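The next part holds the structures, each set out as C-alpha cells.
Heads up, the next two complexes both have subunit A, just with different partners, subunit B and then subunit C.
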Partner chain A sequence: MKTLRLLIFLVLLSTIQTSTYAIQRFPKPEFESGYTQPQTLMPHGRAEILSYLDVAVLIIALTFISWVIIRKRSRNWVFWTSMFSLAYFGFYREGCVCAIGSIQNVSLALFDSSYVIPVTVIAFFILPLVYTLLFGRTFCAGVCPFGAMQDLVAFRPQKLGTRLNAILGIIPYLYLGLAILYAATGTDFIICRYDPFVGIFRLNASFGMFFFAGTLLVSGIFIARPYCRFLCPYGVLLNWFSRFSRQHMTITPAHCIQCRLCENSCPYDAIEIPLTEKNPENRKTRVKKLIIIIFLLPLLTFTGGWTASLLHTSLAGVHSKVKLARQVLHPVKDEKQAETFEIQAYKSSGKPEAQVYQEALVVLERFKTGSWWVGSFMGLVFGLLIAGKMLKKYDPDYVPNKGRCFSCAKCVDYCPVKPEKN
Partner chain B sequence: MKPKIFIIGAVVLLLLVVGFMIKDLFIDSPGNVNPYAFDLNSLRKGDTSQCMYSEDQQIKPAGSEIHGISTDASGNIYISGKDTLEKLDSTGKVAWIKAYPGNAECIHVDEKGNIFLGMEDHIELLDANGTKKAAWNSPSAEAVLTSIATSGKDVFVADAGNKLVYRYDYLGNIELKIGQKDPSTGVPGFIIPSPYFDLAMDPDGSLWVANTGRHELEKYTREGKLISSWGKASMEVKGFCGCCNPSHFAIFPGGFVTAEKAIERVKIYDMKGNFVCLVALPESFEEGTKGLDLAIGAQNAILVLDPVKNLVRKFIPKKKES
Partner chain C sequence: MQDRRSFINLFVRGSFLTGLAFLSGALILRKKEGEFCGLDFGCNRCDKSESCNLPEASLYRETVWQLDPAKCIQCGRCATSCVMTPSAVKCTHVYAMCGYCDLCGGYLKPDTKNISTAAENQLCPTNAIKRKFVEEPFFEYEIDEALCIGCGKCVKGCSAFGNGSLQLQVRHNRCQNCNQCSIARVCPSDAYSRVPASKPYLLKGIEQDSTTAPKINLGEKGV
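This part shows the complex of A and B:
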C-alpha cells in the first residue's frame, strides 16, 4: 500500500507545471495587417445540470464511503474511494466547489441579504455534516480531496503527544472564527485565499502557492494530515457533529480484548487509551471541578471577547475600506515608493476623503461586534478544552475519539477480533 | 534519526505555513506595487561605447513650455511653444522673441524662410519675421497636427488624430491624403497610438513618415505611393520599442536621427536603416520625457528639444582621441 501511495503521489507530482516567467512587450501591439482579430469569447459558465451532478456524486460518495466504513470495514475500499474523490473533486472539479470553503458562502449569506448563495454550495456545506451526524467523519475519510492528498504523503507519521496535539488543535478554531468574521463582513474568503492544494488541483499556480502546498505536504510526511488536524476550519464543525454521531466506526467489530495491537495504529493520534475506573474520583471532587468549570466558562468567554474586541482595529485592517482609509490618512512620504493600487484607484475616483473615513468607520463598527463574537468563541473553546481535561471519561476499551477520528479505517486491520455472527 | 527530530521539523514547517498566512493577512508589505509593471531600468542603462556624440551646448529658450524646433538653411533655430515663438542664431543667440497666442505643437521653416506653425488642429503661415500671413482651415475636428515639412510647392502635414498625412498647396488647400489604408495598393495605413507622428523630406524629394505603431519609417512619393520602409520592433538598441516609436526623427546628410520616448534616447541610422550610433543615452534625460523634437543645426549638429528640462540641447560628434 505504501509503494502504491508513493507511486500515485509521484504521478500527481509529475503533472504539476510551474508557471513560466514570461515578459510581454508593453503594451499589447496593434495589428492592422488585414488580419481580423477574433472576437474574444467568454467561457460559458458550468451547466447547471453538471453542478447538480456534483451534488449527486457527493451523495453517492458519502453513502458509499459510509457503507464501506461502517459495514464493510475495509481500508482498501476507503483508499480507493478517496482516490476517486481526489480525481473527481480535486483534479476534475479543480477543488471547487468544496465543503471547507462553503463555510464562507454560508456566513456571507447569513449576514448579507444581497448575496445569493447557490443551492449546490448549501448542499456541499450541509450534506457532509448530515452524514457526519449519522456515521462520523466519513467525509474526511474518503470524500474530501484534501484528506486524500495528504494521505498519499503520510509515509512516516509520528505520534505528537497529547500536549502538542492540544496546542496545535487550537489553530482550526481560530481559523474558523476568522474565516466567518471576514466572510460575514465581506472582507475576504480567507479559506480560499489560503487553499493549499488548489494550485496542484488546477496544475497552475504561483511559485508561492506551490511552496505553500509543498511545505504542508513535506510536514505531512511526518505529521499525518496536518491541514485536516491543525488547520481545517470545516473539521471543527465535523468534529462537533461527529461527537453526536448515531453510528461511528469502531476499532473492533465485536468486543475489545485489550490486545493493544491497535494502540499505535492511528497516525492521527485519535485512539483513546483505555481509562479504567480503578481510582474513581469521589463525588466531592467532581462537584468541585464542575463548579470551577461553571465559573470558568463564562469568565473565559467574556475575557476572550473583551481581548479580541481590543484587537478589532487590527483585524479590520484586512478590509479594503479600512486599508484605504489608513493609506489616505497616512500617505507614503517616500517619493521613490510607488503608490499602491488602492490609492491610485481612489485618486482617480474623485471620492471625497470624508466618505472614505465614513465607510471605514462603518466597517470598524462591524468588526467591533464581530471581534467580540470571535473572541468569546475562542474563550469558550479554551474553557471546554480545559473542562474536557478536567472531567475524564472512563472507558475500558480502545475506542476512536469520535471528534478527532477521520474514520479512515486504518486501525481496523490491526484488530484480530472477528465479527460476531448473528 | 530519532522520531523527535522529524516531529520538530514537521511542526516547524506547519508553523511556517501558519506564519505565512498571518504575515500575508495582517502585515502589508511595503512593496505593494504593480507586480506586472514592466521594469525598464535595465533597458535605460545605455551602452556608452555606442555613443559617438557628446553634448556641446544647452540653450535656454524664453518660452516656458516648448514643443517644436526647426532650422532654416542658414542654421538659425526656431522654437515654438505655448504663447511664444522665438528665433535664435546658430550659436543660440536670440534674434527675436514674439508673443504668439496659442499652442504651436510643431514648427517648420521652408527654404524661403516662411514659418509654418501647427496650432493643434490647423496650420498658420508666418513670414520670416514671424508676422502671421494666413491661417488655414482645420482639416477636421479630430485633427492633431504634429509635424510639417515642405518640398517645392508642397506642404506635408502629419495629423495624428486622423492618422493621415495631408499634402497641401501653399494656399492651404488639401490636394492629397496620404496613408489611408488601402490593401489594393499595399498601403498599410498609419498606426499612431499616441500624439507623436513625425515626417521629414528626403533629399530626393520623397517623403519619410514615422509609422510609430509599426516601429517603422516609411517612404512615400509625393503622390502617396509607398516606396520602402525600414525599422523593426526590438528591445535592443538597434530597434524601436514601446507602443509607438520613434516619436521624432530628422534627416541629415547620410542618415536619420531618431528620438524615442519610454526609453528616452537619440540614435543615428544610415539611409538604409542600419543602426550607426547613439547620440544621447537614456540617462541624459529625465525619466518619462516625451516629445524630444529634433532638428539639424549648423555643421550637422543635432539639436534636441527637451521639453521637460525646457532646453534645446546641442549634440556634436565626439572628438577622436589621438
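This part shows the complex of A and C:
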C-alpha cells in the first residue's frame, strides 16, 4: 500500500505541471483503528446584531453631545464624551466602519448596483449629517474618535494665519473628489487605505502608516487637529451642512461685550474677527467684484474639468483591469519571475484577450467622465473660496465660523458673560 | 436683512434634509441588479428576499469578505497584504476531502532528496502543519492556526499533487472585516468578494448550513 502510494505520487510529480483544483486523486481511507475524523472549524465573526448596537450607540452619543454643547455648554463634558467615543468607536470597534469611510460605500452603491450597502453603513453616513444640520459639527466635537485622539495631543496650538488655512483647506476637497472617483469606479477605498489612526486603534499597521500617524500626532501638538482641518473628506460635507445648521454653539451665553478675551482661544482658527463697519467699500467696487466672480466661476470650473480630464489615464492606471490590460499588452521581462501573478491568474481563467482590453476601455471611459466631474468640482471650489475671500460678511460680534468650528466648546470658558436669568 | 438670511438658511436646510432622505431611500429601496434564487450566495442581490422564507434572507444586509478557493492561485499576497500581522487568512483543512497520505504534497517539498519529515523538507515556513500518525499508512495533518501565516505554499502543493483538501480561507474570528479588504485590492485573480454574513465560508467539499451559525457572538478574537 505504501509503495503504491509512493508510486502514484512520483507519477503525478512528473506529469502534473499546472495546478488543478480539488481533484479526488486519493480515495478517502477506510480507517480500522476507530479513528474519528475531526471537524473543520469555521468560526463566525462578530454577530450582526452588534452592528445595530453600534448605530444605537452612535445615536445616543450624537444626542448627548449635542445637548452638552448647546444646553450644558461645558468643555469638560465634551471632553469626557469624546473620551468615551475614542474608547468605543476607536479602540473597541477599531475604527471600522466610520462615517468618514462610509462616503465611499455610498458612492460605490450609487454607481454599482450590484453592491449592496448595509443599512448600518447608511446610518453612519446619514446620521452625523442630520445632527450637523440641526446643531452644528457636534459629531466632530465628541463622537469622532479621530478628533478625540488629536484633541488629546493639542498642547501648544499655534495660529496659522488666514492665508495658510485657506490654502491647506483645499486639500480635503481634493481628497473627497478623488475618494468618490475611486470608490465609484470600484478601484479602491483610498480613505480607508490611508487612514492614519486605524492602525493605532488596532495596534497593528505597516511602518509607513504608523509613521504617517506619528507625524500627524506630533504636528498635532502645534497644529491642532491637522487631519480634521486639512485632510478629512467627511469634514467637507459637515462644513457645508453646518453652515446652515438650525442651532449652533455660541461663544457667549448672552450678548457679546467685545472684551476680546476669546479672540485667541480657538486652537483651530475658527473664530471670525468681527467686521464692525457695515459697508467698508463703495457700491462701485462691490459691483466690480461681483462681475469678476460671475466670470471667474464658470471659467475655473471648465479649466479644472479640462485639466483633470487630461489626467484621466494616469488616474485610471491604478485600477486592476487597466493594470492587467497594460501587462497583457507589454509583458514584463524579469529574470526572477517569468510572469506576474496577474498574468498567471488571467491565463488560468481562460479569458479572451479582447475582453481584457474591452473591460479596460470601459473603465477608462468611466474615469474620463469622472475626472471631468472631479476637476470641475475642484475648479468650482477654488472659485468659491476666492469669492468668499472677496466678499466679507458684516458681523460686529465674535462668533465661530459655522463651517469650520468643531463645536469643541474650548472658547466657552473664556467668555466672562454670565447667562441671563429668565 | 436678518429675516432674509434666516429664510435662506431654512430653505437650504430643508433642501439638504430632503436630499438626504432621498439618498437614503434610494440606497435602501432601489432594485438590485440580477436575480438569484435564495439558495445561492447571490441572495443579497435578490429583490425577492423580503418575501423569502430562507434564514439567509433576514440576515442579508451585513456582509463579510470571502475568498473563493476555486479562483485562488496561491500567489502568497494573503500573507503580506492583510492589515493584520499575521494575516487573518489561514489555511483551512477540509478533513472530509483529505487522503491522509504519507507523502503529503502539502506537507513535504516536492524536490526533497530523501523522504523524511526533517524541517528542511517541510513546505510550511512556520511549521504550522502538525503531522500525526493515525494507522498504517495514514497520517492526519492539522493546521495550527496560531502559527499559520496564510502564505498558501501548502495549498499549492496539495492542489497540485493531492486532493486539494487544504484551502485558504478568511478566518472570521480574526478578520477585522475592513470596509475595503486590503488583500482584495491586490488579489491577482479577483478571488475576494463581499458575501452575506450568514454564509462566511466557501470550502470545496463542505456544505455549509447557515442555520447552525451562532446568532450572538461577542466577537472574541481567537489568538
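The rule is short, and it goes like this: the second predicted complex is superposed on the first by the 363 of 422 C-alpha atoms of A that agree within 3 Å, B and C clash if a C-alpha of one lies under 4 Å from a C-alpha of the other, contacts with A are read in each partner's own complex, and residues count from 1 in each chain.
To be clear about the criterion, contacts are C-beta pairs under 8 Å (C-beta built on N, C-alpha and C of every residue); 3 or more make two chains touch, one makes a residue touch a chain.
From a predicted model like this one, the values you see are computed outputs, not experimental measurements.
Of the two partner chains placed by the overlay, only subunit C lies in contact with A:Ser51; subunit B stays clear of it. In the superposition on chain A, A:Pro274 makes contact with neither subunit B nor subunit C. Look at A:Val106: by the touch rule set out above, it reaches subunit C but stays clear of subunit B. Of the two partner chains placed around the shared chain by superposition, subunit B is the only one that A:Ser219 touches, whereas subunit C remains out of contact. In the superposition on chain A, A:Gly186 makes contact with neither subunit B nor subunit C. Looking at the superposed arrangement, the partner reaching more residues of subunit A, out of subunit B and subunit C, is C. Using the contact criterion defined above for the overlaid structures, shared-chain residue A:Phe341 touches subunit B and also reaches subunit C. Overlap of the subunit B and subunit C interfaces on subunit A comprises residues 23, 25-27, 29, 32-33, 340-341. Of all residues in subunit A, only 1-2, 5-6, 9, 12-13, 16, 19-29, 31-33, 35, 37-40, 42-51, 94, 96-97, 101-102, 104-106, 109-110, 113-120, 122, 126, 129-130, 133, 188-189, 192-193, 198-199, 202, 204-205, 240-241, 244-246, 320, 340-342, 344-345, 348-349 touch subunit C in the complex they form. Subunit C makes touch with subunit A in their complex at residues 9, 12-13, 16-17, 20, 23-24, 26-28, 30-34, 44-45, 59-64, 69-71, 73-75, 77, 83-85, 92-103, 105, 110, 134-138, 140, 142, 156, 159-165, 167, 169, 171-173, 175-180, 182, 185, 188-190, 194, 197, 200-201, 203-206, 208, 213-219, 222.
Residues 23, 25-27, 29-30, 32-34, 156, 158-160, 164, 168, 171, 190, 194, 196, 212, 215-216, 218-223, 226, 230-231, 314, 317-318, 323, 337-341 of subunit A are the ones that touch subunit B when the two sit in their complex.
The touching residues of subunit B, counted against subunit A in their complex, run 3, 6-7, 9-11, 13-14, 16-18, 20-21, 24-26, 28, 30, 32-34, 38, 181, 183, 188-189, 191, 193, 213, 233, 235, 241-243.
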